[in-house]
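Structures follow.
Next come two complexes built around chain A: one with chain B, the other with chain C.
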Partner chain A sequence: MASLHTSPAPGVEPADRGSQQTLRPPANPAVLLLRRHGVDSVPWLLVIALFVATAVSLDGFLTRPSILSVLVISSLLGLACVGQTLTVMLGGVDLSIPALMGMGNVISIMLAQDGWPFIAIVLLVGAAAVAIGTLNAVLSRALKVHPLIVTLAIGSIVAGVVLTVTHGASVNGTLPEWLTTAVSPVAHTWFIPLPGVLVAWIVIGAILLWAQRGTRMGRLLYAVGSNPVAARLSLAPESVVWIGAYVISALIAAYTGMLLAAYSGAPSVTVADPYLFMTIAAVVVGGTSLLGGSGGYGRTILGVLVVELLTTLLLGLGYSTYVQGMILGIMIVLLVSIYGRDQHVSRRV
Partner chain B sequence: MPVSRETFVSADAGPAAVGGPPAGAAGDALLRVESLSKSYGETQALDAARLEVARGEIHALVGENGSGKSSLVKVLSGVTGQDEGIATLDGTAVRFRSPADAQRAGIMAVFQETLVASELSVLDNVFMGQDRLFRRGRSRAAEAEASSDVLSQLGLGDVDVRRPMWSLTLAQQQLVTIARALVQSWKLLLLDEATSALDVDGRDRLLEVLREAVGDGQRSVLFVTHRMDEVMQSSHRITVLRGGRTVGVVRRGEVALDQVLSMMAGESGTAAAVVAGGASGGPLRVARRSDAAAVLRLSDVVLQPGRVPFDLLLPEGGVLGVAALEGHGQVDLLRCVAGISSPQSGAVTVVRDGREVDIHHSRVSRHNAKQAFRNGIVYVPSDRKSEGIFPGLSVLDNLIVPSLPRLSRAGVLRRRKIADEVGDAVRDLGVKTASTRSKIETLSGGNQQKVVMGRWLLTTPRVLVLNDPMRGVDPGARRDLLELLHEASSRGMAILLFSTELEELLTLCPEIAIVRDHSVTQVLSGEELTLDGLIAGMFGQTTKTEAVR
Partner chain C sequence: MAAEERGGGHIPRRRLRWRLGRHLALLCLLVAALALGACGNSGTTSTKAPVSTAGSTAAASTSPSTTAPTDSSASADAMPANIDLVPQQDRVNYVGYRYLSSGMELGKSPYANWTPPKPPWKVCYSAITQQNSWHVDAMKMFVMLGNQLKAQGVVSDVVTTNSDGNTGVQINQINGMVSQGCDAIAAITPSATALCPAFKNAFDHHVLIFSAEGSVDCPGIGQAVQPNDYIDGVKSMEWLAGAMGGKGNLLMLQGMPSYPLSQARVAGAKSVLARYPNIKLQAILVTEWNAATAKTRLLQYLATHPAKVDGVWQEGCCGDITSVQALKQTGRPPAVVNGWGGSAAWMAFWKQNKLNSFDLLQGGPSQAVNYFDVMIRMLSGQKPKVNNLIHTVTFLGNNDVSNYYQGWMTDRSTAFVMPPGSRSVPSSYWNAFFVGGDRPLPKFDPTKFNPQNG
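And now, the complex of A and B:
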């Protein structure tokens, strides 16, 4: 066994990777975090820094309603990111998420207008999502085409079909009352003083965090993403894992689309288009590698908070959506280059 | 015989006379490394290590798994930086920031884990990194010309250089990475376990190439290996690392093999056992019990069209070795048994509860592999990087993947049970790791290999099919693992073992099947089990023409 390295500053462990400089007592807590956890701590630091920056720059940010409203939009993005995280961990990606959200959005409003009972709408949207998710997974695997292409195509087919069915007509049915309140920052959910969408995100997030560590499917997800050949030789049920991930992705995307309908009011297939970039951005900012086999939903939660806090800050400072997109883009490039160093060639030879 | 803890021979006298001293001036060091340290987090991989390579020398670097050999090679080739210490090349201090940097200074390295671009051709892989961005460094024809000598010297003369890299065997890929280094101009060649996948023939060829390369007395080779016969045959001097420290520098021929081994092991118990039993310990093989029931039966199996059909039988608790030269179909044989690929014709059946189950019942190979697995047949692949490890995942996760059904209840992991079993496995296999939570890629190569093997032992198989399972495992640990296998077989587990390390086969297997031209040509047992007998059989120089069937 290798001998233990005695660090010059007692109680401070040197960063396990990162530059080899002589260790001096850390100047501040951020440096300490970086030393101890390396790049893993970057999203944490970003969340804290952006929160502080927003609180300082925007008057009235530190009030319950405005923090809750950031959390509501974060919940919507966070839910949309569930599938993106799972599929990216597999080494894939799901570009059909915005179309699925658009579908959930338009269909629910349209059917509500036709007087369908809400439960029937939920079942129908769910069934459609399961079918589309399965199609995504099966086509990628059967055709051996990267899911990038398959999900992009399926997404555009879904959007096209929904537009055709609705004849592009504007619809404005009324959704059940509770669905509208679910996305209102000031609402309560039963006895919990939080809006329903946030409660849903917390519950689903907690389940995912537990499942990715503590269940067989979770471990298989990492294994298949990390090395598909070794997974196959280990008799891992690859297809089940792929179908599972894409079905969950489609389901949650479609239902998030319904919530979005309640949030935005005006139904449209394209209402969720920004989520294409935003979901990938949040996953990548959180530090889940697009190569698969690493990261997880916990990181995505941080990524979501970073993206939404940054958007709020820039919006509050009066920057246009173009500038927001540009700055988000710059941040992604910077972060990817930091995370990329982690997978330096020295760890592969 | 007690060995002094530190045995140093100065380079001033020049390498040993045995096998011809290098032509260079005596005492002329090409590379000198002083008190080199490198740590990864809390793990001190190199702890004031020193090393000196003379001009014209083949210098062996040996040490147990995790002793820091690869770390040293990585520092010398510019892949990682050092924390402390200096290296001087040709009398000038050097510190490389990248492999390209080291290459410019004349240091070429071949790493332990073969790095290839599997979609590119053999030729492209040989000249990888030499092309300019928009223009090939040389024409394709010139490249083919320039590489043909090197490739044929290494025994790759018959391989079409336009073939994609993935279609080559692991050993051939390893040779291509060596060729990649040899076609360049270099002063110092670093080979980190570059012979680990090669068969006897391939190794002999490579060592010959190396001897020729250093023959001019100017260039030198530093090679890392766990194959002690190579060390004792071809190196001029040997540096021994232990726990990141240089514990000895000896001249080949001046010390016996077991002294080198005990220097590697220090005071640990394994070493004593190894030393007591000679180079590889005594044989462990037990003759097959005649009453043991058959567990695996191959009948009339044809691996490739037009090849001779053969039969094989493996009884419960039996251990059958497979010896073959590279590319004679041995891997096909193993994969057929595990249901991963299908034979041309013939049947592979596993006996379960008195019933014979056909492994190749389905035309979908995935189903056959499942069938084999359900009936207790598991396959341990040899290429740990591409087929074995799950990079980014912990040691624990790497161990449990195929056992997940058993280690979970209703899809939920049974954490306590997993912790217990993984703890036991890591201890039994002697995996050196900071924790079972460490990522697999932070382990040394040999320790990763132990994890891959442990993964399959954890499934408690009835038939263990091993494809060169101890590639890169140090001699002491190898002995431990052989004992572990021996013990498992005496409890009823049947073993089919292919190894490029013939000593390993001779130690464990009471019977060894020789595979040649995609067929089993002989099954040796008893008195016939000698190194010479095996080699003769593998080369097809057998007086006994009697085929098995």
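And now, the complex of A and C:
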């Protein structure tokens, strides 16, 4: 109980970060920002620096289609990161996200091939995702095994089941045209001059930003992630929080997989494999602690933008995929060396 | 303690060092980001080779063909040593061999003097994965053909395994096949050398084993059956260069730069570019043979390169439809794009959008027919003349679309367009590669395979 009251507010650094009045006031605004807001300002500064560097060094980047292209890519990663953020905030992780995305990707096209109405496809994929998310949470809790293992295993099972159901081949369906349009950078969503996937990301992001601080469930997420024992003693419904986080993770992953089917044009259960690394990278770069109890989706949004802007900049400059991966890896190590030295919230008191 | 954690007027030296350290790290990051921004485009390449128009006529070819490129001026096209072991009329299919061989020297077949067991045979198929339709359909075709001969009493059993990408597992599975009495094994190999222990074990037990779809560098015991991906690269780029009018900006999409077959395809394509100095290769993007990665790389490239893209060359999985859609979705004018491998999705997209394109039929099912054909020949007593049996495939142009398109194909299909007779090459192609190659074989019919459902 004590930790619930004495822990810093979610996303807010410990009070000791403000204790720099004995240092000489810096003249540089960036350094001043750092002094005032500590590591919280790092992803902001990175987003700004990378955007400026990309705009300055690459002709044609400051055009509407170019920026929207990067935002569409970011939207898909951002949606895939929703579940990763929630589960990491709990002190867990969800490695079944790529498999869930692959499931949504393949099953939606397979059902479309069989003539299912789109709404029925959405409901069925959603039901399957809810069941898988619940399984992830319940098994982790019941077996007292870290979700790293459970979600990896469940992901493998999901991929295997999808391959078995589809016999691994010969999926010939097609998705509604509007879904393809939704992931097109130059498309509009009704009267909004933005592609549907970006609108979806903005809406879901706004809901999450509000929910993680403005709702009981959001506050419980921080409480359970900060100190599970204290949360249990304060009668917080720990299992409900876990199930809720993993169900949301699975649901959004599966639906993002359907968007990915429209985005990539080739149904495959392995289509989302790159998202395993990318979702964790974005969450870490954003500054949400892998130990749980701090951070939030706002930071993940920044992490997503950093990752996508960095890879876009590097690709634009002609660096190979291998160099991109290397630089992204270096950045993660550096950022973890900055963020990761904070003690877990439960040990700060 | 709490007071210290919360901070007062005093800052411990350790904490101060930490803060300075992390600020330094941040500074390094920002400097790195800005430095990268200031850097030039280090990865862009362009072709500056001497002018030649030798390959431009290939663009006019629109009929199915199994002929190899006629131009062999590039040094990469030099024939391998011991090419005289290959039937003269088929030597042209060994162009670019060094890109296909993975170190496997062309030579006499280790099974030239192999005495096959008497029928019925147990035929076996060792797959490296079943996670995509190419591999699934290849195995299905092999099983279907095996079952046809089983019904005739020629084959006793058809055994298949899938190692799910694990080389150690595949070695154990092959050793298990040898133990359980397989007479012949076709193995999709993950690398040229990884399966050599399993190959040696099978060879020592007088079991026929060969590498399907790629070379295998196991000296003295390696036997392979594979298509010529270098020629595929040459033919596709010859078409593309012609379709671009011999000039313009080109984007290349490569699957896996570390894979020999991917290297062979790109090498073949680049050998053609040497003849087109007015085609500027803007960049080679790596797709990892993943549709989402391909689309993301394309969008990122287009977002940072305003120059017009006139042509996109791609070598399989996902680069075709993705390229057309990425250009359209970013408001760019369309470019000419080649197909690869005969995906039904591209065939449908090609037909629906009345595109100007090209494709080559190298799907899993038709490739598996080659493995089965070669296996049955050797089990029937035919003796291979060479250790690497290479073939070409069927190429399609615009005029072929109406013949190959079928109503069930959609732009999301994962099935494959089947070549004539459902074979990459007619069975008679292999006659000259075997001593006694014209002797009659047990009858099997690959056209019974339904590409729509496998």
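Side notes on the structure shown:
Here, the second predicted complex is superposed on the first by the 313 of 349 C-alpha atoms of A that agree within 3 Å, B and C clash if a C-alpha of one lies under 4 Å from a C-alpha of the other, contacts with A are read in each partner's own complex, and residues count from 1 in each chain.
One rule holds for everything that comes next: a contact is a pair of C-beta atoms (placed from the backbone, for glycine too) under 8 Å apart; a residue touches a chain by one contact, two chains touch by 3 or more.
As the structure is a prediction and not an experimental result, all values here were calculated from the model.
When both complexes are overlaid on chain A, the residue A:Ile109 reaches chain C alone and has no touch with chain B. Once the two complexes are laid over each other on the shared chain, residue contacts for A:Ser234 go to chain B alone; chain C is not touched. By the touch criterion defined above, A:Pro274 lies against chain C but remains apart from chain B after alignment on the C-alpha atoms of chain A.
In the superposition on chain A, contact of A:Leu220 is made with chain B only, not with chain C.
When both complexes are overlaid on chain A, the residue A:Ser294 reaches chain B alone and has no touch with chain C.
Within the superposed three-chain arrangement, the count of touched residues of chain A is higher for C, of the candidates chain B and chain C.
Once the two complexes are overlaid on the shared chain, A:Thr312 sits against chain C while remaining clear of chain B. Residue overlap on chain A between the chain B contacts of one complex and the chain C contacts of the other covers 14-17, 20, 348-349. For chain B in complex with chain A, the touching residues are 39-45, 47, 66, 74, 79-81, 83, 99, 111-113, 115, 243-244, 340, 366, 369-370, 373, 379, 381, 386-393, 397, 400-402, 404-405, 408, 411-413, 415, 432, 434, 441-442, 455. On the chain A side of its complex with chain B, the touching residues are 1-5, 13-17, 20, 214-217, 219-220, 222-223, 226-227, 229-236, 289, 293-294, 345-349. Within the complex, the chain C residues that touch chain A are 2, 5-11, 15, 18, 22-23, 25-26, 28-30, 32-34, 36-44, 130-133, 135-137, 140, 283, 285-286, 288, 290-297, 299-306, 317-318, 321-322, 325, 328-331, 344-345, 408-415, 451-454.
For chain A in complex with chain C, the residues that touch the partner chain are 14-23, 31, 34, 39, 42, 45-46, 49-50, 52-54, 56-61, 63, 65-67, 69-70, 72-73, 76, 109, 112-113, 159, 163, 167-175, 180, 183-187, 260-261, 263-275, 308, 310-321, 327, 331, 334-335, 337-338, 341, 348-349.
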